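Think of it as A, B, C, D and E in the order they're written, each chain with its own count starting at 1.
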Amino acid sequence: MSLLKGIAEAFSLILTLDPYLTQIVLLSLQVSGLAVFFAALAGVPLGTYLGLKPQERTRFAGKLLYTLMGMPPVVAGLLFYLLFSRMGPFGVLGLLYTPTAMILAQFVLAVPIIAALTMIGIRSRGKDVQETARTLGAGRLLTAWTVVRESRFAISGAIVTGLGRVIAEVGAVMIVGGNIEGHTRVMTTAIVLETGKGNFELAVGLGLVLLIISFVINSLLYSFQGGGKEIA
Amino acid sequence: MSLLKGIAEAFSLILTLDPYLTQIVLLSLQVSGLAVFFAALAGVPLGTYLGLKPQERTRFAGKLLYTLMGMPPVVAGLLFYLLFSRMGPFGVLGLLYTPTAMILAQFVLAVPIIAALTMIGIRSRGKDVQETARTLGAGRLLTAWTVVRESRFAISGAIVTGLGRVIAEVGAVMIVGGNIEGHTRVMTTAIVLETGKGNFELAVGLGLVLLIISFVINSLLYSFQGGGKEIA
Amino acid sequence: MPDKDIILEVKNLSKVFDKEVLNIKKLSFRRGKVYGIIGPSGSGKSTFLRLVNLLELPTKGKIYFKGEDISMNGRTDIPARREMTLVFQKPLLFRTSVEENIAYGLKARRFTKEEIKARVETLLEKVGLRDFAGRHAGTLSGGEAQRVALARAVAFEPALLLMDEPTANLDPSNVELIERLIMDLNRNTDMTIVMVTHNIFQARRVAQDVIFLHEGRIVEMGATEKMFTSPQDPRTRAFVDGRMIF
Amino acid sequence: MPDKDIILEVKNLSKVFDKEVLNIKKLSFRRGKVYGIIGPSGSGKSTFLRLVNLLELPTKGKIYFKGEDISMNGRTDIPARREMTLVFQKPLLFRTSVEENIAYGLKARRFTKEEIKARVETLLEKVGLRDFAGRHAGTLSGGEAQRVALARAVAFEPALLLMDEPTANLDPSNVELIERLIMDLNRNTDMTIVMVTHNIFQARRVAQDVIFLHEGRIVEMGATEKMFTSPQDPRTRAFVDGRMIF
Amino acid sequence: SNAPVDKGEVDKVDEFIILATTTSTYDSGLLDVLLPVFSQKYGTKVRVISQGTGQALETGKRGDADLLLVHDRASELQLVEEGHFTDRQDVMFNDFIVVGPSADPAGLKGIEKVTDAFTAIAFGGHTFVSRGDDSGTNRKELSLWEKAGIGDFKDWYLSVGQGMGDTLRMAGEKQAYTLTDRATYLSLKNSLDLEIVLEGDSLLFNQYGIMAVNPANHSHVKYESAVKFIDFLMSSEGQELIAFFQIGGEGLFFPGKGVDD
């Protein structure tokens, strides 16, 4: 197959909404979307809390978050495999090779990313926002909300970075998801499989979709970061 | 296998420097180390150049870098597969399934990360450093060197982020490396393989090593970023 | 029962960071007056304001606001805070419109929409930013931002207005505008105003009483004119003399 | 052949950003004198200094340094730059020791190690930072940093020293120290000093000639005392009168 | 062999050759026995890429490997016919088996014909894990479903797109049935919670073939070394190594050709 011909065929697969391809893309978005949604629910408050503490007093938490942020997806996959396998402590739940297991693994990968980046974002300005809100008589809740709202660009950036990272990863979803067609097969695992099988049109088609999604995610990220800076 | 017993055996594999494990770890370090070394040679100057330009004039380059930074490793892997396969345009080089191909794929993944993060780091202070150097009579070369040296924390952070990202990725090295024992088998591909084969001690052992490496990398990153802030 | 006219009083107030940076035996502020706090860099001026506004907790000592001890138990979330405010030297404006910024404290106090609108309008007029309501705060110049911050602080008519160097680094016309605003507030409201300043001319122009801090302690205090014409403490004299080269 | 004593001269100098922010018909600076540039915010003071130091390129016009046109061809990397320097309002110190900072310009000019060591020592003494050579620049206070920046700028004895508000936001004792340094340089060297300042008192204390800028144009210029005692232009008068409230 | 080797010349020794093989041979551990002996003897290393048979055939057709060890005899012969590969030999055989949970909910243990067993699985809706990776085993499995007359796969049928080892592991985790080659099953048996529930049907015969990539299509392939490797496997030494390879006292492969065409 020539590269160009493959890309052309890939485009036609995308434009005709090939059902196999569509279904994989939707599952990817669903799994990573849910994982990141829950990760944001956990990570944003955690990052905000840490970001408002003096840096000296969160040195350990900061290091821990950074370490977890660098957790290789395959290691997270392995860990969940051992936990969820029938011989493992949570084997009875029967979660291995289900989308739930994939969501959990990606959740664990995304939480430190979102929390750490939120923490950094809040640190740059959050303390001042907090104090300003307090001088103006804001209560705890309004203060917290103001801090989050004032760092909305950084926080959006954190969430989008998390999404970009998990939607593109293959190690964890391969190990805990098992790449079951129609059930746990997502874009990345499908690309690996179809490349191996020599179905290059499909592989390239999926690659293009993934690339477009990454492009959108990173455009968002860039405008959040750029935006954050420009509006000061 | 119980999780704890597995970890104990994994430790003994690590401590006795099991040759299979050692060799895989060393190859990982070598491949990712070289990829990041060359990526730094390309990415740091590029990021510095862009960081010194007015932000308005690098909007496109910035967006492009961010997009490439989010390039999913499997997509990079697929691309290099199609290029390096014998039927592909660079097939004659015979690079598919070699460490060189893995280094190239990881290089391509690391360059945008290093360039983009360098760019951001330089932006925060580089313009002022450049002007200060120029007011003091520094020539082009000294000025450039001063800018880089003054942003050394940001740049180190960028490089280390790149290293952390590529050493943990599995999609690209699996596709272009082929996971050949003793030749292109790195930590991440080995973990996937050994998990599949049920060699959990080995999988966990490799996972631990990878985790430790990530831990070191991220501690460095944290201190670069924290350090950058504190020493101001 | 303490003097009804004393809005703020501190006793044996001490703050220790690495070392003790503030130690004030007794100091009281009367309703409706303007106070200037002067002192060299690092003398504890900002720390004092932050303690009073409960942004920091005192290491020791008591702070009475309207006769009530507001520093007790380390609790900082108490109603008295809603009756005072502090304007930082480099005020932070929220990343919203000028209007939203000024309305912030009013919303926190559940003022009605109409009331808020009316106050915002009046204040913008007063600080010379009549057409700025819809502007994004990030687009303001330094002097404009400082004026918005002041408007935001006085919008809810606090009984006590604390200001940390409100005119540092502004150009003369902005300095004049802000000083006029302060004097206006003093004339037309019952507000007690405490302002920290590096600028002794400014203290002289605006403040009725001056407190001179040095290494965390009150070196001298009293009516402004008296401090300038006949300083008692040699350090005050040195500082006041310093103006000759300023 | 231009006057040997004129170190800097600009002719028809104009800079357009979104609109024209500077437009100077003719202006010259003599060797060994101290000039003050005064004007309201946004009047183009900083822009003028940046143009002279070739950090910006003029939209139009010529800049002559020692009689040589240094603004030609848009080239900014020319030898004349090594004979002048500009100290920013908020100087940036490199993230190294104080000593390394001061030595920077000397190293760029290939001074010997011994010469560098000697000069750094003398200068540290002069700016009152004798034991600071080994200190990391990041640990300095604002006033200390400003003094190091000044030492760094004069270390290589530029023929032209441009300063952008060198004492803004410093406390009086630091202001005095820096003004003394400037007056020292004026007395003991042949350096031409151009300083931008908001502070008209400072101009009066330090500068021999004053240039008053308004909306990018020179409104008035001349000997300092004359400008203050009998300003000709109504705008100068307003500004000089403004000092009454400062 | 259609590429005569001139014994007069000094043979060029290649540093390595690339062997694309099905995951079932790879996961069984057989190559760990064969390759060192070959490398020792000829000074040529063998780099192994483990793929499904379909992928391996694709890799070979593209010239990204030098020789293949796979098990889909019909396709192999056709591709040799089409000129993609040469020097094909029937190198060894074993058989496929159906494995499943010891409880055997579909009751396969009493069934002899694999097509009946598959019918029982399908009608009972018992979970079946398919490799779904276009491997030899996968192709065999698909042909068996076809023979059983079943074309309607529902929730109970999991196509996982992975190698034999992973597929067995997944079947174990899911307590499901799957079709596997005997060698891989035996090599992983101890860490699996699966039993053989059906074996011996002649339909389950599994022939492995070895063949070289045709140098006429890809001039870069190391054809001579590939032929050496094929000759080595077909030699009495190679065939004995295959015959004596055991796990837990059981032989995994039988040398040579199993059934006449």
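In the analysis below, contacts are C-beta pairs under 8 Å (C-beta built on N, C-alpha and C of every residue); 3 or more make two chains touch, one makes a residue touch a chain.
Values in this document were obtained by computation on a predicted structure and should not be read as measured data.
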Steps needed, at minimum, to go from chain B to chain E via contacts: 1
For chain A and chain D, chains touching each: B, C
Most widely separated chain from chain D, with each centre as the mean of CA atoms: E
Centroid-based (C-alpha) most distant chain relative to chain B: C
Intercentroid distance (Cα basis), chain D paired with chain B, Å: 46
Geometric centre distance via CA averages, chain D-chain C, whole Å: 35
Approximate Å spacing (C-alpha centroids) for the pair chain D, chain E: 82
For chain B paired with chain C, centre-to-centre distance based on mean C-alpha positions, whole Å: 51
Multi-partner residues of chain C (at least 2 other chains): none
Contacts with 2+ other chains: residues of chain B: 1, 87
Two or more partner chains touched - positions in chain E: 62, 162, 166
Chains that touch, pairwise: A-B, A-C, A-E, B-D, B-E, C-D
Residues of chain B defined as touching chain A within the complex: 1-3, 6, 55, 59, 62-63, 66-67, 69-75, 77-79, 81-83, 87-89, 120, 164, 167-171, 174-175, 187-188, 191-192, 195, 200, 203-204, 207, 210-211, 214-215, 217-219, 221-222, 225-226, 229-230
Touching residues on chain A, where the partner in the complex is chain C: 125, 128-129, 131-140, 142, 146, 149-150, 230-232
Chain B partner contacts - residues on chain E that touch it in the complex: 16, 18, 27, 47-50, 62-64, 162-163, 165-166, 169, 188, 191-192, 218, 220
Contact footprint of chain C on chain D as seen in their complex: 40-41, 141-143, 168-169, 171-173, 175-176, 179, 198, 201, 205, 239, 242-243, 245-246
Chain A residues within the chain E interface of the complex: 85-86, 96-97, 178-183, 185, 189-190, 193, 196-198
